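Shared chain: chain A. Partners: chain B in the first complex, chain C in the second.
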Partner chain A sequence: MSAAIHNHGSSLKPAYPRAIVLSLASDFGCQLQLSNIADLLDVLGTIKLEYWQLMSSAVLPADYDIAIIEGAVTTQDHIELLQQVRTVAQTIIAIGSCAITGGVPALAAQDLGKHVQAVYSDDADRVAAGRVRPAPISNYVAVDYLVAGCPIDPREFVTVLQGALLGVRQRQQREPLCAQCKTMEAPCFYSIRAAQDIADGMATPQALCLGLVTRTGCGALCITRGRPCTGCRGIAADANLSSARTFIANEGLDVDDFDDALRIYSSHALDDGGEEQ
Partner chain B sequence: MTASKTTSLDIQHIARIEGHGNVEIKLDGSRIEHIELKTVEPARFFESIVGGRHFNDLALIVSRICGICSPNHTITGLMAVEDALGLEITQRTRLLRELLVYGSFIQNHATHLYVFAAPDYTNTVPSAKSNIASDTLPSVLSLAAGQKRDRELLRRALELKKLGNDLCAAIGGRPVHPVNAIVGGFTDQPDQMTLQVLAARLRAALTGALLTVELFAGVDFPNFQPDREKLALRDKSGGYAILPRGAQTTVSAHKSVWSQPVASYHDFISEHANPQNGNAKFSFLESNQGEQIPFMVGALARLSISGDALMPEAAVARSKLSNFSNPYLNNLCQAIELVDALERCAALCDRLAEDYEKSDKQIAPPQAIEVQAGVGYAASEAPRGTLYYSIGLDARGYVTSGDVITPTAQNLACIEADLRDLAPLLEGLPQDQLILRIEQLIRAYDPCLSCAVH
Partner chain C sequence: MIYKIIEKWALEDLFEGLRANYDEVVGPQPSKGHGGPALVFDKLTNFNDLRLDYDTTILPPKKYFLNPDERILRFNRSTGDVFDTEPVQISRAIFGMHPCDINALLLLDQIFLGDYVDPYYQAARKSTFIIGTSCMPSPGHICNAFGSDEVHRGFDLFLTDLGDRYFLSCATVPAAELVDKYLDAREPVAADISDFQARTRQFKAAFKYLPQMDQLPLLYGAKYEDEDLWNQIGDDCLSCGACSMVCPVCHCFDVRDKLDANGETGLRHRVWDSCNFSEFAEVAHDYNFRPTHTSRVRYRFFHKFVGNFTRNGKMLCVGCSRCNRACKVGITPARVIRALQEDANANVGAETPDSADTVSAKKDCA
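What follows is the complex of A and B.
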């Protein structure tokens, strides 16, 4: 077994770095997006894929260079697996909201016991055994590269993988989506809302666009299709949450609704003291 | 070694299925004494975490139950909310939703047949024997290094998958987790040209789908016929039921020949926690004597119930199906459905393109939705079988209760019953063959354990 090397600077040694794909608590959507890479076979020409439970019967090897990990940490087994992976893999690439922010699974973090009880009643004690509060993988191990989104965009993954293969430190996109949206001259839901007389009872959550604070990089995919940003890429490093809340209040919208909407993908950051990368 | 002849044989993290599951086997010599399917997929408590969320967020959250069938979770979640609110949708919205769900059928069936199942059967891979030492392939991706015929098969698989993805992306905004579909309608729709191009591509892909039927019709599946009960949606007006059309659509049983309204699904399906089987609950029908009856859902069940409603090419392909009793044939049924989906979607795209001029307002949700307390029920056919939702809303439109029964949650009891029936037939097989036969059967159901546990 190789020693732990967490260096961002040097390129990976073998001509064909050996990669594995792992999943923790997730819906396998990001793995599905990996299988949807248009040039999948070309990508596979640059790495040696040694383990991917979804796509192959090959067994998990003892040694590898890159671990691509999807899903949130929800069990003690996940923590042990991650720690083991960290001692072997030179590079860890976290893919998708679950892995990066805790994502939707982290909605169960507050009152975990209540959720276990609600779904499993008599069987709750068994299910609760070995569970931990859902969290992003960076809570437990250092992550070298990340691909945001729910699900990830396969093209973005390929770009990040290329960086990892070259040993280039990932440049984080720090600004919120709002900035990109403005340069794209996409329509703004807050301006539209101001111009419309929207009926009560309809206005609240649907009118909230989370692009104000959400990590950019999606090309305003939802907004350009007529739907406000739902925050699936997590909170941007340079997001100004308190200023966003002030803006929401000035718009006559409910700040609690804004926070609740953010929680769908970022409850760990808001409620569990999680730090965004 | 006289103390005990019993040995354990476990399959950890069954490969080439969605989600994490193990099989625990106890062998007495070469005889299987005990076999159990265990879902180790961690629960994410979806039915509980949707509590207190606004109805507009419901579909967005439940979509994350499953990547592959996210269009189904999205649409079925929306339908349950609309049922609770008493909200009608337009015909165009319904047709777009149907296209979106069919996009996931094409993507799912192509992935399951070629990526998950095909490596189990060497005769689906013409020249594999000359290339690969073992009887089976670890992954269809290994075909990239194979001979020309192998590479063509892999290319066909990836092309069909891509077509399904492109269809989902055209309607829903992206291949996984659609963004356009909202309560009451769509925020956006494909333009006329996109629909016309899609129709042409769908028709062009028919050749590949028909080759897929031929491929799986040629597989020498084990002759194993447990002949379980099968359930699927049925359209009384004669359609191939995928999304319900109001009261015309019921849930039907193939063997005991009954039909029930979707909203009464709690009356005929009972869900039980099965601690020894891990985190997924098992679903059963209950007989008059109170006996728990496992049942099957998915392509085989749909063909057994709506097989007379297939599109022309698929109807011809259906003649390759010899019976409805053998679960391994679910593979062939998916191939037939792939043909049906391509023909149907091409026709749907034509229709939506023709009506395009006057369609601008036809997808917009109502300006204001009147909120009322109530419980909404919905079901749809997902690629792997019937998906049920019931969602309770309070007078302010916030979720008070959620119930989701996924296709695989229904199939698990059936898979386990099949494994127990299969076990005696496997006696004496070498261990690798025994594992292969067990995995082939499990994969034939195309299980999704992320869905099953949720």
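What follows is the complex of A and C.
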């Protein structure tokens, strides 16, 4: 059987759906991860890759089936490109935190004019022409599949892509990360901190772990390597932020620090309320 | 049951005996993770890593019987072929299971070796040798409330710590053979039994807090619709599921398919799940019959205190305290029981563990 797209009941397309990889505002890290796919040749046996900005200088074709999009929306051109892509592509896969949450680019959204002025001073209008408040692509077009992370995990991308080719609805785990952290049997950073406080007889500065509100799925990658979660997958759909903040305060930590740490990847959700700009 | 006495130094002989007879010996030891005071059950290569006087571990030994990520089959979409994963099981000895965890395993037996026998669980159960060990309760342990502070079956060998020696209970033939072959053991005398009794008294007296269990299943049912009661607990819940992962009796799983990069072959596996996840109760048309944090918390403890109790006569909690440590917002069996027992009219506040205990219980691990 061919790997045909029959997403949401639409008609079967021929074998080898045509795919493009596009990049908006990002550091190309997620595209780079695509080239790190261990079974890349297997993947290329299931799609026809028509356009990949990072890898070739070919021009964007007029017709394709799947658009894989990295990066946040930061210009009017991005918006127009996205709207164009949405009319052509049957399926859009957003990859990476910039595309999904606005990511790091969205940090500039508050007081955008001031930031632009600070960097480009009098040249701002020429260099940063057509700028818009940085936002996730879902602010402008419907997204069918997501691969979260900064950068994405190539294996997760493969799983999502194959699901997209089959046309099955993506399973979105909504809970935060702690369950995976516990399944990996990692000690919780908050309890370590508390234990050290007791041992030292004084408070030790300890980085905040954001796993308690972060979208699960990475297998507690950072935590099992000794670093607290920085929330790169964005805020979990079922996150209980108000209870998490109460917990942070009860731990004697600063809730503003917690929110600031969350902003690195989720400022759009926290400050712009996910509303269209 | 055969009872024996061994000196403490003989424990290493037991370890060597196990190593000679089992593919793998596991036991509680400091986590090799990113530090902290946490203990975990892990493979023992060095006897000196073993911590038999441990308080608790992040995950219970459940992980050796229900794999967090069990491969069930592989498939090929083109050919329609399905290849079942046969349960492959190495022989394993678990050194140092506490009574609560052995009792938890007996509860899992009711579920996985009952009407429907789970082949993976069964294979693991058959090839595992269990050495239990006595403990002293720390704050937060409430096994006494569930009758799981004592264990009289479900192990091969049980060690009760008498200070300078162990009181051994051998429950199975392999255990008796092991003791015979590797240990310099003697028969207990009156003084040993007297010390055993003194130790038991000391153990029972060490429980500072006993939740008031009176009529708990009935109260749960009667107060099931009490929105205030449940919101007070449920509003705190992070829906993180950490409690279910670390619980020795929580056993729900999800079955998922995953395609390989070629899009044709793939894997079906089952992974640990939690009824505190909102996906758990989601059915067709995105309908969710437990959509809120509160409805899920209320359900989780209902299954533990009422559902399984009315079906199997046992509550699905052994009071091991792991969820106390894993839950960042203090949602514990004791808190739920206390909330249910509270009676505004009679002003009979159920006993409360003193707050210092609750705090220190959270500082340990997980």
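In the analysis below, the second predicted complex is superposed on the first by the 252 of 277 C-alpha atoms of A that agree within 3 Å, B and C clash if a C-alpha of one lies under 4 Å from a C-alpha of the other, contacts with A are read in each partner's own complex, and residues count from 1 in each chain.
Note that in this section contacts are C-beta pairs under 8 Å (C-beta built on N, C-alpha and C of every residue); 3 or more make two chains touch, one makes a residue touch a chain.
If you're wondering where the values come from, they're calculated on a predicted model, not measured in any experiment.
Using the contact criterion defined above for the overlaid structures, shared-chain residue A:118 touches chain B, although it does not reach chain C.
Once chain A of one complex is fitted onto chain A of the other, the partner contacts of A:156 are absent, as it touches neither chain B nor chain C.
Using the contact criterion defined above for the overlaid structures, shared-chain residue A:272 touches neither chain B nor chain C, since it reaches no partner.
Put simply, more of the residues of chain A are touched by B, taking chain B and chain C as the two choices. In the overlay built on the shared chain, the residue A:27 is in contact with chain B alone; chain C does not reach it.
In the superposition on chain A, A:183 makes contact with chain C only, while chain B stays out of contact range. Legend: residue contacts after superposition of the two complexes on their common chain; A:254 is shown touching neither chain B nor chain C. Contacts of A:226 after superposition on the shared chain: both chain B and chain C are touched. Look at A:175: by the touch rule set out above, it reaches chain C but stays clear of chain B.
Comparing the two complexes, residues 38, 40, 198, 225-227 of chain A contact chain B in one case and chain C in the other. Every residue of chain A that touches chain C in the complex is listed here, in rising order: 1, 3, 37-40, 42-43, 45-46, 158-159, 162-163, 165-166, 171, 173-179, 181-183, 185-188, 190-192, 194-195, 198, 212-213, 223-227, 237-240, 243-244, 246-247.
The touching residues of chain B, counted against chain A in their complex, run 13, 15-20, 41-45, 47-49, 51, 53-54, 56-57, 60-61, 64-68, 70, 111, 115, 119, 136, 138-141, 144, 154, 158, 161-162, 165, 173-177, 179-180, 182, 187-188, 273, 275, 279, 367-371, 396-397, 448, 450. The part of chain C that touches chain A in the complex is made up of residues 31, 33-38, 40, 58-59, 68, 77-78, 235-242, 244-246, 256, 258-264, 266, 272, 274, 276-279, 293, 325-326, 328-329, 362-366. Partner chain B is touched in their complex by these residues of chain A: 23-33, 35-36, 38, 40-41, 44, 49, 52-58, 74-75, 78, 103-105, 107-108, 114-116, 118-123, 126-127, 131, 134, 150-151, 198-199, 201-202, 204-206, 221-222, 225-227, 230, 232, 257, 260-261, 264.
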